[in-house]
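Alright, structures below, take your time with them.
In the two complexes below, subunit A is the common chain; its partner is subunit B in one and subunit C in the other.
The block that comes next holds the complex of A and B.
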């Protein structure tokens, strides 16, 4: 295997180890970023290292003092890991307020994890309303001050512009990587693809981007590969690796993804005009088809169908993360549209910690057989 | 609390003396009219709006639009035990059983528009306020999509500080202004600002009478059971901007005041032994069962966080004040605020304990309850119990579990009362000894 592909895959596979190494190598203080989207550019411009906090495969013991069992397990895991001290090397965490569960976790955090500061980040949902931009900028300014007080470094407009430029380069690289993964499904199978994308959450973006672009260059030099059945995957995230392995063993690969943890993070580029903070804010407001922002036109179904058509995907796989209400509300709407478009659809209910994948294996196997026939 | 001292208790309700109707009868009559007028309006080709329960209905009322409230309707369907058919239909459409059951009932009702409980006409416009939760955004998006109609959103961000941030107020006010513009576009009519002012006055007056009435339950014994408050929630949602609402809430207030004057408690056949705070909405399909078990134990629900939710008070004409009122709801506030709010309610209403409804439909409320209950216990010595349930889905509730939990609370409250009696006896003995 190519050494860069191996390195980034390993980095994505071992979040804590990678994050600690990044903190050590950069000498920066770390700021944990709760799902779904966080303006990492501002953290970077304030001289801090953003680290993604996307749960993990842990048992829930102490988190149950705060959250009932019907709470999304990423949030339960984050609270559990916070209480256990797994995040002790971070200077703060940013907790977003995209859904009712995140809002509640934000409220519980000071009591549950008193030693680790939580910085709230509330987003406007009415993103088509002009007042939303002003509101978001106000919240960004507050966030910026909080971050500056941690690092002692002012996120000047110049620093913000530099960070945004770096992140734009990173996001363009990610978009290119997902295309190259589509044209090289044998070299970059679904597990490698996921881990390369995920590694970005735990590495300094400058370091990561340099490696990613080199990896892209290497992939682009390889002849295109044929093999496997292309599908589009949608949902909050597609983990754990034992779950992704089921796609690989059944000859399915991701021609594209609409995962909140993956492509939704980078599929929108910043607009060219405006101040750096405005450009960062508008990028969020420009995101279409994501359930975590209000979308009265329900464009997700259309977007998925278009993705399938553009990439030649033969079906769409829904990774429904249990107890994720926003995702669960979207499903019946796009399901109807995808079925009407005649595209095969597979619905899978997943959690980060799964004791067995046998049922999922059977369903993925029969879906693959249907697509082959 | 404003009504610690009850002035004029026992005086007859002047405005309603002539027709002698009770507020309960008036409530039923007005709610029937609310639904039938909506159906008539639809038949006449008028614009029907489906709106969330704590929306700035003032602007809809002032535009003379017909408004129905899916949450209120779903609660009525649940109370009538008519929800399971809709819940099954929602599942067939692909809705997970994990999501809000009001949403499931309503989204299925949009497909199968008939219920034995009540019927609402199909909407021409959606008006959604995220000040009650984020969930309604997704629910109402789906309605807008299903009916292919416009959706107006009034997004209300949560407060992360103790007090509501000014940027939240500004953001909400600008959305209300924009909602007025959108309504003008949809209807082709200009907003009558004088009429808006009048509706704001009525809405404030209704909110005030609602507060005055629900505050009367602070009296010991309470002149009503808090479960009555659940019944009056339907009109505070549906009639808040209407003059009929003023008549109803004044009448209810007068009746409660008269009961206090006569020294009457919640029940004619037994005394109020214990007073509790109820957190969360009712289990509508089991309203009667949950009530009877409490009554059997002499436990009266005297307050909850709900009365405050419709106590939307501001200076009529002041859009900033209106935005602040709509953006300051309990569910939007921090946990520190929630604890203070509940401890104040506990003190004002002299409660002996609290019952937390861990409502499968309401994650925003649920996931703060454990910490709130802990702080109420540790800081304010308020005992509490939890029970699992759901506002509309009968499958999430177990009567046996509910009964056991209520029994446990009863025992705790009894022990505490006994202990406090013992302490007072000892103190008075010591006092007598020193004399």
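The block that comes next holds the complex of A and C.
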């Protein structure tokens, strides 16, 4: 395997180890970023290292004091890991308010993890109103001050512009990588693809982007590969690896993704005009088809159908994260549209920690058999 | 000859067909994956049919235990196998309801017998054969006696718990309060039918409809299912072997397509 592909895959597979190494090598203080979206550029401009907090494989013992069993296991894992001290090397965490569970976590965090400062980040839901930008800028300024007080470094307009430029380079690289993964499904199978994308959450973006672009260059030099059945995957995230292995086992690969943890993070580029803070804010306002932002036009189905048509995908796989209410609310709407478009649709309910995948194996294998017949 | 083996969670099935697709023989043993029956079912069928192993040109295994079965040439999911088995047996069927030991499936077929959509129950046992096993145990009956018992019902009880464990407690309470066993048995069938009908709502139901799997031998449950869906339901002869039969047809097709 190519050394960069191996390195980034390993980095994505071992979040804690990668994050600790990044903190050590950069000498920066770390700021944990709860799902779904956080303006990492502001954290970066304030001289801090953003670290993604996307749950993990842990048993729930203490988190259940604060969250009911019907809360999603990513949030329960984050609280559990916080209580256990796994985040002790972070200077703060940013907790967003995209769903009811996140709001509950935000409220309970001071009691559950008293030693780790939580900074709230609330986004406007009605993003089509002009006031949404003003609201967002105000929230970003508040966040900026909080972050500056942690690092002692002012996130000046110049620093913000530099950070935004770096992140735009990173996002363009990610978009290119997902395209190259589509044209090289044998070299970059679904597990490698996922881990390369995920590694970005735990590495300094400048270091990561440099490696990613070199990896892209190498992939682009390889002849295109044919093999397997292309599908589009949608949902909050698609892991663990034992789950992804079922796709590889059955000859399915991701022609594209609409995962909140993956392409939704980088599929929208910043607009060219405006101040750095405005450009960062507008990128959030420009994101369409994401369940975590109100989308009155309900564009997700149309987006998925278009993605399938553009990429030649033969079907769409829904990775419904158990107890993710926002994702569940969207499903009936886009299911009807996708079926009307004549695209095969597979619904899978998943969690990060799954002790058995036999039922999922049967569903994925049956779907593959259906697509092949 | 071609062999199909279906290793389920609670029973093992095998079917043998000739080169023209004609059924030579079949076997059903009510022991599933991990048991001796799962290992021996093919040998038992071959011995009963007087066929030597070397006469089998190709074999396919399906079912929950397919991944650990080592004696087949290929493995195919039970969804595809039930689809093919029914498509060849009852060609006009477009919707299959397969209720097995630990899961329930709704399979939609197109006009050429290909699977175009399917749904499965989630991890819980509600709406599956396991639920009926629990009910039979509470009633002190064999599972095969549930149908005749339920047919005597005059006032079926309502089982409101979705969870099998809670439903068991609920049924014990109802029996303690004087509910007739026949009414409880019928209530259990209505509960399974309602649960599976919910799954049918996701995949859609197109006539004709057939039921497969061991639970399809329960006539009262088939009737309850037909009432719940508002359509007639056919039961193929030997509904338990539809998966194994489909596997045998897959074996035949795979043999024909094998590389020269």
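Criterion: the second predicted complex is superposed on the first by the 373 of 373 C-alpha atoms of A that agree within 3 Å, B and C clash if a C-alpha of one lies under 4 Å from a C-alpha of the other, contacts with A are read in each partner's own complex, and residues count from 1 in each chain.
One rule holds in what follows: contacts are C-beta pairs under 8 Å (C-beta built on N, C-alpha and C of every residue); 3 or more make two chains touch, one makes a residue touch a chain.
Source: prediction; values computed, not measured.
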Which partner does A:310 reach: the first (subunit B), the second (subunit C), both, or neither?
-> neither
Looking at the overlay, does A:294 come into contact with subunit B only (first), subunit C only (second), both, or neither?
-> first
Subunit B versus subunit C, judged by how many residues of subunit A each one touches | B
With the two complexes superposed on chain A, say which partner A:373 touches: subunit B (first), subunit C (second), both, or neither.
-> second
Return first, second, both or neither, reflecting whether A:65 touches subunit B, subunit C, both chains, or no partner chain.
-> first
Report for A:358: first if it touches subunit B alone, second if subunit C alone, otherwise both or neither.
-> second
Applying the touch criterion given at the start, work out whether A:25 contacts subunit B, subunit C, both or neither, answering first, second, both or neither.
-> neither
Where subunit B and subunit C land on the same part of subunit A: residues 347
Interface with subunit B, subunit A side, in the complex: residues 65-68, 70-71, 97-101, 103-108, 111-112, 120, 122-126, 129-132, 134-135, 138-139, 291, 294-298, 320, 322-323, 325-326, 328-333, 335-336, 347
Which subunit A residues qualify as touching subunit C in the complex?
-> 344, 347, 349, 358-359, 361-363, 365-366, 369-370, 373
What residues of subunit C sit close enough to touch subunit A in their complex?
-> 64, 67, 76-80, 103, 114-118, 120, 122-123, 202
Can you check the complex and tell me which residues of subunit B touch subunit A?
-> 93-96, 98-100, 103, 107, 126, 130, 133-135, 137-139, 141-142, 144-145, 150-151, 153-155, 157-158, 160, 167-168, 170-171, 174-175, 178, 334-335, 338, 358, 360, 363-364, 366-368, 370-371
